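In what follows, chain A forms one complex with chain B and a second complex with chain C.
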Partner chain A sequence: MKPWQEILSLKSTKVLILIVVGLLFLGLPLFASQYVSYLMLTFFAYAVMVLGLNLLFGYTGLLSFGHAFFMAIGAYTAAFLTGKFSILYMEVILVVAVIISSILAALIGAICVRYIKIYFAMLTLAFGMLFYTFLLKFYYLTGGDEGMRVLRPYLLGFNLSEIPKMQYLTRSYYIYTLVILAILTFVMWKIVSSPFGLCLKAIRDNPEKAEYLGVSVKRYRWYAFIISGAYAAIGGALLAPAIGQVDPGLTYWTHSGTLVFMTLLGGFENFFGPLIGGVVYIFLQDKVMSLTTYWRFIFGAILAFLVIVAPGGIAGVISSLVKKEKGGE
Partner chain B sequence: METIVSIIFSGVFNASTLFLVAAGLQVVFGVQKVFNLACGSFYALGAYFGIVVVKSFVAGGFPKPLFIVPLIGAGLLLGFIGPIVERGLIKFVYDRDETFQLLLTFALVMMIEDVIKFIWGTSPQTTGGIDLIYGRINLFGATLPVYNLIVILCSLIIAALIGYILLNTKFGRIIRATADKKEMGEALGINMKMVYIKVFTLGTVLGTLGGALVIPATAVVSEMGVELIVLAFAVVVIGGLGSMKGAFIGALIVGVLKSVAISTYPELEMLTIYIIVIAVLVIKPQGLFGGSKV
Partner chain C sequence: MVILSASDLRKYYGEFCALDGVSFKINEGEFVSIIGPNGAGKTTLINVLTGLLTPNTGKVFYKDKEITGIGPEKLSKLGVARSFQLVNIFPNFTVLEFLMVAVVSRLGKGTNFYSSLLRDQKVTSEALEVAMLFGLVGKRDVLTKNLPQGDKKMLDVASAFALHPEVILLDEPTSGVSTSDKNKIMETLVSASKKIGIKSIIQVEHDMDIVFSFSDRIIALHQGKILSDSAPGEIEKNEEVVCTVLGQKECFKIFSALMHEHTGKGGKA
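And then the complex of A and B:
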């Protein structure tokens, strides 16, 4: 084993790397352009969503094709509270988003977790599309396909409406979102390494055995579904002020597919994989879109490649390379 | 009475093309166990290609009323993408988890959407009302376009053909056997590779044919593929995954429901369909005809 690999495998080193990455993200607006910082901001919001999605997909083995539903719940919560009720406190928005999404996830999850694999995917897709048509057709309530504006929320009680928009987004709101992402990443880490998280993995690998060992499979799947839904809603609520306008497209089934794509791109078998996938997806999409209007074709080809050749995603490729080198010693 | 007839008629017309796409979905799911999200994209491809063929047919000075012949030809011809997609992509994931198969077909959806945009652009296109050349007919007091009747008839003939193939030919028996137990088919010395190619091509053709047939009566838009897959999905869930009978009844239910909702409470159009889908999944997840294979 090479010395750097030895260092890399230490737990304290991993924590150190995380802190360095976190600080880099924090300092990014100081040396990067506003545009890059803005993209990074959208990544933070998506990162929260895919963290939640992967609790279902990577850890519990359930592929949700309707997870955009919960992110839209969060996003529309932000739009409703700021636009219709003039509640501008971001903390209130986040709490309300968590409450609404948890209740909905508990109800929907109670139905969905009775099924696995393709039936689970289809059922979640149907719920996502149900909400899509609701948003689209009840326009007097939701603004229809034009959607709703999201007003600039107060952060920690501070009214920041005097600051220019991009500065607000790439400085104050950027840091705010990053801190929430950091907290939620830590919480998710605790969840997956807790006995609860281990039970989920046991369910994923062998549900019959888990049931035999006294784990209530459906109940645990249900818990995972609720946590996952709440995470997606927080992500959606964080994304809404950044994009400034929410529309039904947020919950269309192809958008759910995008979330799964990010997770797979980074690697669903690795805790940090979805986060890597999220950041790569957003910056790659930006780059490819600037080169060609046919970015979907290229992304479709990438997804096909991932599924066929590298289902472990970026994290999977890296870890297999590291292993290979270790084996060569 | 008059309105009821025309509502049901337009529902059955919806159902006839929906059935074709859903049948394509079912046959591939039955044999390969792959849920093909891209069947909606095949439908869109068929529609765009249908327009091209009909327009050049008319421009070539051929008699207009015969346009349905090249239209069907266009749908059938597009089947050539079936083997390409099957050999180029799908065959790699037969032994993989269902979720990855689903994601691969999602990748296909993304790619085909851009292929369509690349070739035909993003603005809606029509055949310019060529379907009206057949005129209208009075049935039970309602005036109905004859072309739509022809499409319904075509769809019924295809349904009968599929039924015949499945029940009475060697190929049909192989399909039903492999749908039940893949290993059995292999053990009996059947060339599974060829079966897979043929079945996937059949699934593709049903999709492209559905798209081609529907197009004279409506306009193509680039989102029609991703929109249709959701409907086709509703059809197979209601009817039961993998069942042809299910595709037939499911298409009728979804098609008629859609047209009833549009003419009474347009807001509820898709909402009612999804509610039924969810209700079916909750009460009878195998669908109305699930369990009876293909």
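And then the complex of A and C:
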């Protein structure tokens, strides 16, 4: 009985924490400034992206250095649909982003998953940079380095164009994005705790052995790549209306690096790690940028510190502290 | 009935010839041991038989189906499994999760994206069943990287058994285990294979006591060639050959094992 009770209580504590955090996020615009709410909104979009990235990185053992590619696909989908086709329904934008990114991820993934480690990272980086050049050079289509404007989308069919911009973003769009993040977090949780998720972890730990146990390693890596790409595209599509303007910088490799940084900062070994990393990164960057123009220097130092001292990231540090606490009892 | 056969297998690593025309047939119900000194080509042979390596010439058949170079994943689905000489585990998995991987893939549930693994009674109970056969139930929630060496080895073997294969190839299942534990492990293996319904076992083994007391047939390899292929009782006829292969020390061991058997103490499984 006792161990069961322990597990139950542990589980319910975790669920409780999640509910409290969810409610805090939901209520944030009521007591925080619009600026903070806006930063939080961008975090929600990034959170969807890093959830996807970590399915590949933390769960399958493949480090993508071109994930901004899919994010840009999502963001440009929003720009094209709203700007060129006057399709303003956010739901349509999300669905189209998922379809386009899945097709592209299936094609690119079929090539990339044949490689692992640095080769995989470099290949994904190369595809990201190819798209960057495409966006830059086909300017009559993409607006080149000036990018494209993203019009304000309808949410659940409601035209909200009368509301002031910041209010739209920090109220309606904020809640909309948060709900999507919650749904996608739940779906990702289901994926990683499914038999498929187990197979991905087996591939990460030991692909050769996994293959001998009948796991089709390349095919499952490919599936993970597609899911991951679709998540990044949803994140990109959600981010686009928040920033109002998309440009090729979105798919530049340093932006992929930002996603990797968030994941490392929070801890890729933990399901919620990348999300923690995302929120800390966004608020820290904002703070540091307001203090000094050399914010990249400080972030470089943080990255170096992390890799050397806390490779498990923030989540790793927290969980080891929790373990210590329990051990002390 | 022949369950696994190899014809004229040749495998080169550059200039070096690891397998030099190896042919044999394994029958249903047989326990076959492959012996030979280091570098004789034993592990290469297992790798070729399990389709990890494609031979330069020659073919491998499982029943009537050609499986040369087919690759581990397809092979496991046909009903052939293997374990490894060196510990080959998923370090961050618990014992139960480890066995679940094999069960999930056997039941074809790997592409199940959305159901909860923990609530899957069938997968859990089948994984536990195998853990039970190998005495690992008590350690079901232990991380495999924290297991003692012997248990890691057992788990690797157990995961291959969890695939419910018809043929299993074991690459030195008792290496790195104390002599006193070796017999126990072999008995566990044999009884587990009966319960699971494994038809034939092929093992690479160095310990001659084990080889002689458990095998129906012994295949001796030397420099990529089969030197002898016979029942343990008949090995005396090949005494000279085998002694060349195994060296003085092993030769002595063989004879002491034989003496053992003649005095009626050794029992075949």
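Criterion: the second predicted complex is superposed on the first by the 318 of 329 C-alpha atoms of A that agree within 3 Å, B and C clash if a C-alpha of one lies under 4 Å from a C-alpha of the other, contacts with A are read in each partner's own complex, and residues count from 1 in each chain.
In this section, contacts are C-beta pairs under 8 Å (C-beta built on N, C-alpha and C of every residue); 3 or more make two chains touch, one makes a residue touch a chain.
Just so it is clear, the model here is predicted, and its values are computed rather than measured.
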Note to self: Quick check for you: in the superposed arrangement, does A:F196 touch first (chain B), second (chain C), both or neither?
What the structure shows: second
Note to self: Counting residues of chain A touched by each partner, does chain B or chain C come out ahead?
What the structure shows: B
Next item on the list: With the two complexes superposed on chain A, say which partner A:F85 touches: chain B (first), chain C (second), both, or neither.
Entry: neither
Next item on the list: Name the contact category of A:L125: first (chain B only), second (chain C only), both, or neither.
Entry: first
Margin query: Tell me the contact category for A:S216 with respect to chain B and chain C: first, second, both or neither.
Written below: second
Next item on the list: Applying the touch criterion given at the start, work out whether A:I111 contacts chain B, chain C, both or neither, answering first, second, both or neither.
Entry: first
Note to self: Looking at A:F186 after the superposition, I want to know if it touches chain B, chain C, both of them or none. Which is it: first, second, both, neither?
What the structure shows: neither
Notebook entry, point to check: Touching A:F297 in the superposition: chain B (first), chain C (second), both, neither?
Noted result: first
Next item on the list: Look at A:F158 in the shared chain and tell me whether it touches chain B only, chain C only, both, or neither; answer first, second, both or neither.
Entry: neither
Check: So which positions on chain A get touched by both chain B and chain C?
Finding: none
Check: Once bound in the complex, which stretches of chain B touch chain A?
Finding: 35, 89, 92-93, 96-100, 102-104, 106-111, 113-115, 117-118, 226, 230, 233-234, 237, 241, 266-271, 274-275, 277-278, 281-282, 285
Margin query: Per the contact definition, I'd like the list of chain A residues that touch chain C in the complex.
Written below: 190-191, 193-199, 201-202, 205-206, 208-217, 220, 223
Checklist line | chain A contact footprint on chain C (complex, rising order) | finding: 50, 71-73, 76-77, 81-82, 84, 88-93, 97, 100-102, 104-106, 109-118, 120, 123, 156, 159-160, 162-163
Item checked: Residues of chain A defined as touching chain B within the complex -> 57, 63, 65, 111, 114-115, 117-119, 121-123, 125-127, 129-130, 133-134, 137-138, 252-254, 257, 260-261, 264, 293-297, 299-304, 307-308, 311
